[in-house]
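Take a look at the structures below.
Both of the next two complexes hold subunit A, though its partner changes from subunit B to subunit C.
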Partner chain A sequence: MIRYVLWRLLQGVITVWFIATATFFVMHNLPGDPLADEKAVSPEIRENLEKKLGLDKPIVVQYGLYMWNMVQGDFGLSFTEENREVNAIIRDHFPVSAILGVLAIVIAGVGGILWGALTALYRNRWPDVVIILLVILGISVPSFVFATVGQLALVTINNIAGFQVLPVAGWGTVAHMLVPALVLGLGTMAFLTRLMRTSMLEIVSSDFVRTAKAKGVPTAQIFSRHQLRNAVLPVITVLGPSIAGITTGGFVVENVFGIPGLGRYFVLAVQQNDYGVIMGTTVFYGAFLVLMVILVDILYAVVDPRVRLE
Partner chain B sequence: MSELSFKPVSLGADVEQRSRPSLSYWQDAWLRLQANKRAFVSLFVVVGMVLFAFVGPVFWRIDPHAQDLDQTSKPPWEDRRALIVAPYQPWSGVSASSPEGDYVAPRSLEIVGDATTTFVRLVWDPVPVASGYRIYRQIVEPQSGEPLGLPLGTVHDGSVSFEDRLDIRPRTYWYSVVALDERGEEFPEATTIEVEAVFATTVANAIERGYVSNPESLSVGSTIHVPLHPFGTDYLGRDMLARLMEGARISLFIGIVAPFLFVIAGVVYGSIAGFLGGNLDHVLMRFADFVIALPFLLFMILFKLLFGIGPGESGILPMLVALVLLSWPGAARLVRGEILKIREEGYVDASRLLGTHTSRLIMRHMIPNTMGVVLVTFTFAVPSAIFTEAFLSFIGMGVTAPTASWGSMCNDGIKTMESTPHELIFPALFISVTVLAFNLLGDGLRDALDARMRYGE
Partner chain C sequence: MSDTLIPSSPPAKPFKEEVSRGSAWQLAKYALVGLLFFVVLLALLGLVTANSAAGTRSTSAVDYATNTITLTLSSEPPQLNSTRSTDMVSGMVLGHVMEGLLRFGPDNNLIPGIAESWELDELGGTFRIRSDAYWSNGTQVTAHDFVFAWQTAVNPETASQYAFILFPIKNGQRINEGELPIEELGARALDDFTLEVELEQATPYFLKLLAFFTYYPINKEFYLSTGGRYGADAEDLIYNGPFRIASWVHGASVRLEKNEYYWNRDETKLDAIDFAYILNDANAVLNLFATRKIVFAGLNSENLDRALKNRWRIQEHVDGSVFFLELNHRPDRLTSNYNLRKALQLVHDPAELVYKVMKLPGNLPGESIFPVWLRGVHGSFRDEYPGPRFVQDEVKAREHLAMALDELGLDELPPLMFLTGDNPVSNKQSEYYQRLYKEKLGIEVKIDKQIFKQRLAKMTSGDFDIVAAGWGPDYDDVLTFGDLFASWNANNRGRYENPELDKHVAIAQSSSDPVERMEAMDQVQKILHDDVAILVQYERGSVYVSDSRVKGVSRRAVGTDPDYTRAYIVQEENE
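For the complex of A and B:
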């Protein structure tokens, strides 16, 4: 088990190095000039700026410095906001995205597993048909439509109630998080429901369930101990990639609901050509996703002993 | 053994008894697909969407970029009649001296001339003590006692008329006039009039915008029908149907060409890795793992920058290249797995025993047998590519003005979502229907082509 964890971690480190290198070289081959936005800079100021941002050194040295700083956890400076470190930006905005993402993944995971199990239990009866229809809808409607419709629904509810049931936009309290997290989790929930249904249907017709029934185990116990537990396994494997999907979906939800998360900040940075922030955020997100996938894999190995044998 | 045990078979006898016609793999799959109603209907939706995008413009020859600022954000169900009016002439207004009396609400508020989208002219009888009047315009009937909102304007110096030219739309308005006392404070009573503004255009304008085919028939005071916009117009008065067609071309182009290219790349890469195996396989698949680990959306945006396309500029080609460069590993993994499985099959051994050349083995046996999986992957890759395009265009990183894509149309439509929802609903509906059709078709194809997956549903 320890060997497995170490091996996965080593793979993760190499992957993050690959992401960082790819980002660095893509960014350095961008046409245009990171300092082009500075208005009418005199050559001396320009020289100083380049020196400060390390742009005057040869690319290999820049790469080395960049990597060395990154190993120490320093992502450098923002190019447009003077003297603001990318680290500070990540520290300010990432927790917001993370809370939203965690809430969304919890909603998606719990919802997906429960709905999926329900459809399999009521196969081809009305709960199954209704949920499957909703799932198809959830997979086919883009997240930005959900976000705007969700916001419109909030406005309508507040108008009908005559007072603010839930805030329409902004950030700060739990009330602010609920609808954005739900909207963010919907697509993933639909996907997980489908997966859970397939996996559950397979389990329902398996030998050990039949044996349990033959032994006279109560239905509730068969459901919780035999079916649900085994059917959940494939759902866990896709949780890692789902986290990636949810973080990117966060871009839209954060923009629509006016949430000060890292996704929204990234879009802003791209619009302002803030190379420092773009580079730092990309690598940070990449590393975060890799870590999540590894954690899910390890979790999976803990839950399902068969994995470790591979 | 007696002689009776054997009977000679005559040469003409039908030895082979076929209970069903023999079907090739693809014929069988096609029959299965036809039996699956959802998938088959989806196939028609997909074909219909392609026809809509590429053949539609032949029949609907309206320029998707032509703006008509007189007809912005028109829902499809709106009245198409237009009143021809004379070119605008400035109005001097009406003045009157204050009469005697002790009432404070303006009397006999009425409109002068036709109430049109060009102007609405109001006159009223003067109020004895008024130093001026304040005019309000509302789109719902004002209730007495409720605040009137922001004023439209204020008149002074004995003027008892007001001309409204502020963005009038063809609909019902309620104009309220309140008198002001000598300190400029409003009296509590207002007089309200309901006004039905009609869409108006001048002769010159109607000809310039091409509303009619025979300009001679135009005369001031007559009513014409403006051209039909079956899906309404957007915030710049551009025809939504023409834009939806243009958007369909872009969305389907990205949605079909990008998956096509990366699936091919994946087939080549995956079959090389799977067939050659060993260390090369290991290295190739490790590299694929790295590419998968790249944060997809962030790199899509980086690639766009790499092509020298700044924010606010359209980049269809960079989007295509970025999608292909970032998405191939999924298909490659899948094909590799298939190849590894097929490599162990009996018919491959048999073929090899018969001395088949490796290249022929790959081309004739291995790749055709992965086609089922590849086709299913392709079908499921289309909706996600369409989503990616829509998503990028929505946050302003993909296709931008004046080119239309479904995503950028949604982005435009969201700004006016509450007043004119059709601008958001139609493009969102088109994305959803197309993605839904491809998803259901993918399900159907998987059931039809892949025997192992044939359970449930």
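For the complex of A and C:
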């Protein structure tokens, strides 16, 4: 077990190093100039800016320096918010994204498993038809539509109620989190519902369920012990990448609801050729994703005794 | 042989298993557990975030009890070190918390700020600093603070993009280019309250520069005490303006509170201005306005209807910027041909663009690079020097096109590259021009959509024939637009070169005779039009809704905008 975890962690480190290297060189080859701004500057000022940000050195030297600093946990300075260290940006804004992401993933996971089980249980009856219709909607409608519609619904509700039922935008209390988390989790929830349904139906026709039935195990017990528990496995498998997807994919939701999360920095940095923030956020999220996948693999062994970590 | 019919299997009955009540019950129990888990999680998160500072505190647009108004900022202020700031958000925030020698008054005229009086002649002068001006840490604002800030701004190590705005001061440019030490700057503190300024050459608009943020003072001792973090956080700044930053939660909010050390504090009516949201989604901002959480929201063509339906009071404001199609004059480009440019000009119709394509009230059809609000000798520059207008003439346009083809030795014109941004407004515009040139002249246009930095890179390298560009003013003088197409100006990205135009720009830069200056600028607009250096599109206006309970807000084309420094709250109007 420990050897397995260590081995996976080592693999993870190599993966993150690869992500960092690829990002570094791709980023430096992006069209556009990170130092260009609306006002053109004289060559002297440009030189000084380059010196300030270390862009005057050969690219290999820059890479070496960056890696050396990164190993020591220093991601450098932001190019756009010029006084802020990338470390500070991650420290200030990742917790916000993480809170939002955790809520969204819980909504998506719990909702997906329950709705999926429900549709399997009521297969081809009306609850199944209605939910699957909603699932198709949930998968195909992009999150910015949900975000905008969700916010507009809040405006209408608040105006009809005459007082603030839930805040329209902002951050800080549980009330601020509910709708954004729901919007963020909706797509994943729809996807998980479908996955859970398929997985449940597959298991209905498996040998062990038939055996259990033949043994005379009560239906409810077959449902919860044999069907549900086995059907959850594929859901857990995709949960890992989903966690990373949701925490990093919060850009749209954060933008619409005015949430000070890291997603905004992650996306805007690319548009602004902000090398510091692109590197910092990509490497950070890359490491986060790798870690999540490893965690899920370990969790897998806990849920399914057939899986051994070796 | 006889055909044997294979009996078909009976049609499958639709599979409908009896739903076990027990299973459903079990599922319901799980659902309850799930819900419980969620509620517990929510409570925990509530506890965690309750202790963090990132919360949105303001509860309403206007708070009578605390005499506070609430607003949004479109982005985090990227740079509050005034020597290095470049953007509008930072400029707006700084305009509320800092003060230069002069500032803009309620009627948009320059009024004395930290300087209580001054004598200025062609090549310099002295400014008398108020003895009752203090920083928010209680130290006095002195002439040394201006000298320090200005030296820092031109110091090449600061690498300030706005260093050029200090070049009228003696040796400013040479210091910035590393030829002279910063101590050689023509600004000296004769004593704590007397600032002497020497100019490089006669600069008739020098006073108008002094309200700009790069000219704000900085307290040296405090600056050095921040260890290079000046302006990074609310604690890393001290303030000499009407407000001070009471809290700044990065990416979330900026709260300004009345600065009790400000010399003119009696004029500050509000106790606090809370930029409680950092939000740039126009619909989201309007949603906040609709629920009375903020006092101001900008409108765009998509959500204008909603404002109309709600019968909100819609206001217009000319924001000062001029937008134009910049033509590429580099010799290897098709657009370097005069007749081709002339053909494009003869089908150019800014009114159609503004009223039929963009359809947002507030924008004005462009006429000249000098916008309507600029001042001339006595009144408006536009009234005094109307300048040439665009006249549409398709027949003549085709004649010019034929001449152009002839000169270029072509049978058919290759497609023109139209470089533009990647936002909805740019899309509408570029598609309009694509259709216009195709229909009227048979010219193909290839649209090259690029995000901001990429577009800038292509503009700088000259990889375009036509680029949709714009310019916002830095100071309240014709020259802020007038020198844009001078051959030496790095912002002249189409590389337009005309010695005649350069000559007129030089006159406007140094002549102290207002009539001579304005006439020179009139020549500039004539040259730009006659030689088709650019095609002026429109003057940008903005439409917005604002809370009628807030009065005394100044909007202006140059300087802090919107300006809430003298705003105040009135009781609700009965409608």
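In the analysis below, the second predicted complex is superposed on the first by the 272 of 310 C-alpha atoms of A that agree within 3 Å, B and C clash if a C-alpha of one lies under 4 Å from a C-alpha of the other, contacts with A are read in each partner's own complex, and residues count from 1 in each chain.
Keep in mind that, in the parts below, a contact is a pair of C-beta atoms (placed from the backbone, for glycine too) under 8 Å apart; a residue touches a chain by one contact, two chains touch by 3 or more.
Quick caveat: nothing in here was measured; it's all calculated off a predicted structure.
Contact with neither subunit B nor subunit C is seen for A:119 once the two complexes are overlaid on the shared chain. In the overlay built on the shared chain, the residue A:193 is in contact with neither subunit B nor subunit C. By the touch criterion stated above, A:106 is placed in contact with subunit C alone, subunit B being left untouched. When the shared chain is aligned, no partner comes close enough to touch A:242: not subunit B, not subunit C.
Once chain A of one complex is fitted onto chain A of the other, the partner contacts of A:148 extend to both subunit B and subunit C. Legend: residue contacts after superposition of the two complexes on their common chain; A:29 is shown touching subunit B, with no touch to subunit C. By the touch criterion stated above, A:271 is placed in contact with subunit B and with subunit C alike.
When subunit A is checked against subunit B and against subunit C, the one touching more of its residues turns out to be C. In the superposed pair of complexes, A:80 makes contact with subunit C only, with no contact to subunit B. Legend: residue contacts after superposition of the two complexes on their common chain; A:255 is shown touching both subunit B and subunit C.
Overlaid on A, the two complexes show subunit B and subunit C touching the same residues of subunit A, namely 31-32, 148, 152, 155, 255-256, 271, 273. Within the complex formed with subunit A, the subunit B residues making contact are 289-290, 293-299, 301-303, 305-306, 308, 310-311, 383, 387, 390-391, 394-397, 407, 410-411, 414, 417-418, 424, 428, 431-433, 435-436, 439-440, 455-456. Residues of subunit A touching subunit B in their complex: 11, 14-15, 18-19, 22-23, 26-27, 29-32, 136-137, 139-145, 148, 152, 155, 197-198, 201-202, 244, 247-248, 251-252, 255-256, 266-267, 270-271, 273, 278, 281-282, 285-286, 289-290, 293.
Subunit A contributes residues 31-34, 36-42, 44-45, 48-49, 51-52, 80-84, 88-89, 92-93, 95-96, 99, 102-103, 106-107, 110-111, 113-114, 117-118, 121-125, 148, 151-152, 154-155, 158-159, 164, 167-174, 176-178, 218-221, 223-224, 228, 255-258, 260-261, 264-265, 271-273 to its touches with subunit C in the complex. The touching residues of subunit C, counted against subunit A in their complex, run 14-17, 19-20, 22-27, 30-31, 34-35, 37-38, 41-43, 45-46, 48-50, 52, 54-57, 59, 72, 76, 78-81, 84, 86, 156-164, 176-178, 229-233, 236, 249-252, 276-281, 283-284, 287-288, 290-291, 293, 450-454, 456-457, 460, 489-491, 493.
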